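Input: a single structure, listed below in structure tokens.
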Amino acid sequence: MATKITEFEKPKLNNPIFIEGLPGVGNVGRIAAGYLTEELKTKKFAELYSSHFMPFVLLHQSSAVHVLKNELYYYKAKEKGQRDLIILIGDSQSVDPEGHYEIVEVLLDYLEKLGVKDLITLAGLSVGQPTESPKIIGAVSDPDVIEKYKKYGIDFEGGSKVGTIVGAAGLLLGLGRVRGMKGICLLGETVGFPIIPDPKSAEIMLKLLAKILNVKINTEKLQKKVKEMEDFIKKVEDVQRKTMAGIMRPPEKPEEKKEKLSYIG
Amino acid sequence: MATKITEFEKPKLNNPIFIEGLPGVGNVGRIAAGYLTEELKTKKFAELYSSHFMPFVLLHQSSAVHVLKNELYYYKAKEKGQRDLIILIGDSQSVDPEGHYEIVEVLLDYLEKLGVKDLITLAGLSVGQPTESPKIIGAVSDPDVIEKYKKYGIDFEGGSKVGTIVGAAGLLLGLGRVRGMKGICLLGETVGFPIIPDPKSAEIMLKLLAKILNVKINTEKLQKKVKEMEDFIKKVEDVQRKTMAGIMRPPEKPEEKKEKLSYIG
Amino acid sequence: MATKITEFEKPKLNNPIFIEGLPGVGNVGRIAAGYLTEELKTKKFAELYSSHFMPFVLLHQSSAVHVLKNELYYYKAKEKGQRDLIILIGDSQSVDPEGHYEIVEVLLDYLEKLGVKDLITLAGLSVGQPTESPKIIGAVSDPDVIEKYKKYGIDFEGGSKVGTIVGAAGLLLGLGRVRGMKGICLLGETVGFPIIPDPKSAEIMLKLLAKILNVKINTEKLQKKVKEMEDFIKKVEDVQRKTMAGIMRPPEKPEEKKEKLSYIG
Amino acid sequence: MATKITEFEKPKLNNPIFIEGLPGVGNVGRIAAGYLTEELKTKKFAELYSSHFMPFVLLHQSSAVHVLKNELYYYKAKEKGQRDLIILIGDSQSVDPEGHYEIVEVLLDYLEKLGVKDLITLAGLSVGQPTESPKIIGAVSDPDVIEKYKKYGIDFEGGSKVGTIVGAAGLLLGLGRVRGMKGICLLGETVGFPIIPDPKSAEIMLKLLAKILNVKINTEKLQKKVKEMEDFIKKVEDVQRKTMAGIMRPPEKPEEKKEKLSYIG
């Protein structure tokens, strides 16, 4: 099946900004984008399924199954100084290297049709130890994008510290640029444990996003939301690890040469 | 070749229910669906081949080769209270993560054309130790499906116990739902050894299916059938493990740096 | 690029038999088919390239490069009792499980166009220890094929001994059958070391083929040919193992948690 | 997305020679081709992106992201005895075996349209120990190409020493040949550490190229360029290794049998 987008509604948007927050280190982007989606009362209009996600379903409390997916929400500007938004959140990124490219290209094809020219991607930056006040570091598609975001206190000297951005957050900027889109990746400093969400870094990210997007976000319920999310994320990671292990595990006793029985090539 | 369905006959079916029973933990679904296929005197009408199965053939006693495949059988309702059935059984599921998605999508495309709207998938649920009386746990595509199956004594409180359903049994429900199909996955509790079939759990599953489908099934020959099946399954698993091992095995002495001979990149 | 066939000449053949001899255990099929190709003064008419072969070229003595490929030769019947032949030989089989299916399907599509209805595939059967007089064991696409080949002294009781046939030799029969082709796989007993060619088993195979095809083959030069081939095969196997090792090798010290430098997800 | 070429300009070239210099052992080809590109004041006209490169972006000092890519430059002949050139350089080769074939086929399709009939590919030949004066060894698509390049002091007796050429440098010749292109692979002897660039071997390669192409190249700035390049290459290699490790790493404690919680197949 590769990767496909199922659309429920064709939203009419005016020069929308795209915001991505998928799982990653500290789940900083995922928490921030997910919370934004709820706080702004956005509407889901499309879902993305991919054979590059793990091949299982999760069970909700209600005994209903849940296929891994990414989701697209939209927000129509309500006040002056705001812009229409498209927000991408999801359960998973690709589990194989090639899939990252495929998913990002399917997304960019779709976003192009929706008139997207500006991208904001969210990620965590593992710094290896707890920080008192995590900073937000910026990476851009083009140097001139820095000018636009300079006033928000983003650290643009992180190039040497960062090195690389793995997955959708990086590829959306890099491959979006080939299509003439411009964007920024906001990287929230975090300890860097892959599974454990970092609500502190996510809160700082959220407050920055509120300023950039000119929206009001009440971060009071964030702690509670993160707790809920934590269980779900652990479940996904857990099975992913086990399934991978099953695939990668060598045979118990590969004493093939001693065996008398036949193996034909 | 990816995945393809070869059709022998185009059956005319009236609002058929689809039942899936492929290999998995304890082979509970496979045994139950396979036995159902024979007991109901169903007719094979299509076969599915996939490059996501292992690339070998097995040899029957007759010296004839057997490519790994899945098979589709149909049953025409004979009595009041019965419905037309399509049953899927097979030798193998995908051996790589992506293949599960591909095979399930090829199946759903085909089932959609045959007018399928209801799905029943069968699986084993590994509980880690022998149980006196294994239960059947239910997972559904949509919460309202529970209502329909509540009267059969299925355990719908298993959500926390289950966690995930790996492979076709889960994806058929999850991706079928995107197409408007509704369904249930019946999970038979079993010790959880992957290769060894669990006839006890399969028998309980069969009796439940007989009630749901309103058909009569004599489970007397089940023990004998399971014994026959066991040898075949062991053979498939065995070669699969060995072939995988061959692919994954590191070289015997990778002392590349010490070698004088040339390797060019 | 997947898999593609480059055709030099469109041969006009009358109900040709297809004979496959690719590398495998003991290289029994490869030696026999390769020698047959030379002895019968067949003509090469097509080549098959595939991204499922290893991504390197080999160097001939002449300093000219050699891409891994399979080759198709044809032979026009010259005497009564003979039939037109298509012979497939080659440097390599697929190095990944999926590729075996793809290559076999591309071949069968092509053979179907050339009017092929009968298949003979050649393989080695690893018996784990040297045999005084290796036997040829037969596996068939359909039980009724046994009748046709019974008179040649092939062992058709090998089903229990054989178990499985991995790769093209098995899949050609199994998937050819789905297209209405009939065939036999001839398995020459051999010690079972993958790299070392077994000329004894190949000679017995050749003599059997000569009888079946009603052609005369002088096996005198076989020892010399096998020696030449041995170096080439070793070279291919060697790099294949090393390249695989490079891909599969874990990093030297994955102490990711202790590192201070950043890795972003 | 597979592999795609984005073209900025459609250059009009007269029977151009194609020169390839991608990363590899000692980065001999990459350094030589990269330096040639700058010295000849060539113009970039196309970029190649592929899902067979690693799925991350690198950060430049300017905080701008950099997707892994290959780049195509052209040079118009300025003096008598020169020919138009197309030069391919890049950050990466395919990280999986299949990708090498795909990328090379996409390139050859494109080069065919640009009228390319002659290929020069550059690679390093690992000799395992430092050499006083590294030689350049030649491998050709066809034996008659040797005649053309004999006068430049290339070693054409290296066949036995070389064995194989892995990746684009080899496949471009081997698969180009199937399309009627002719070419040579120049292999610069180097110690053979994959990451560390070998400027000495690259300089000898550059001087040879200058003679063949009849262009003037000042190699004075080579040392400085190599130093700059070294940091970038190390960064790419580093993340590639870590990302691969993350994918390949087995689970920490696969005590699946002891677990009470459920895993369903």
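The first chain written gets the first letter, and so on, giving A, B, C and D; residue counts start at 1 in each chain.
Please note the rule applied: contacts are C-beta pairs under 8 Å (C-beta built on N, C-alpha and C of every residue); 3 or more make two chains touch, one makes a residue touch a chain.
Predicted model, so just to flag it, every value in this text is computed and none were measured.
Considering every other chain in turn, the ones in contact with both subunit B and subunit D prove to be A, C. Fitting subunit A to subunit B on Cα positions gives a rotation angle of 90°, stated in steps of 5.
Chain centres were defined as the mean of their Cα atoms; on that basis the chain farthest from subunit C turns out to be A.
Taken over every residue number at the interface, the positions common to subunit B and subunit C amount to under half, indicating a different-residue contact. One inter-chain figure worth recording: subunit A and subunit D are separated by 33 Å, centre to centre, where each centre is the mean of the chain's CA atoms. As a whole-number value, the distance joining the C-alpha centres of subunit A and subunit C reads 46 Å.
Of all residues in subunit C, those touching 2 or more other chains are 96, 162-167, 170, 239, 248, 263, listed in ascending order.
Residue ranges of subunit A in contact with subunit D, taken from their complex: 94, 96-102, 104-105, 138-143, 146, 156-160, 162-167, 170-171, 173-175, 177-178, 185, 239, 241-242, 244-245, 248-249. Note for the complex: subunit C touches subunit D at residues 1, 6, 47, 49-52, 54-67, 95-96, 235, 238-239, 243, 247-248, 250-251, 254, 256, 263.
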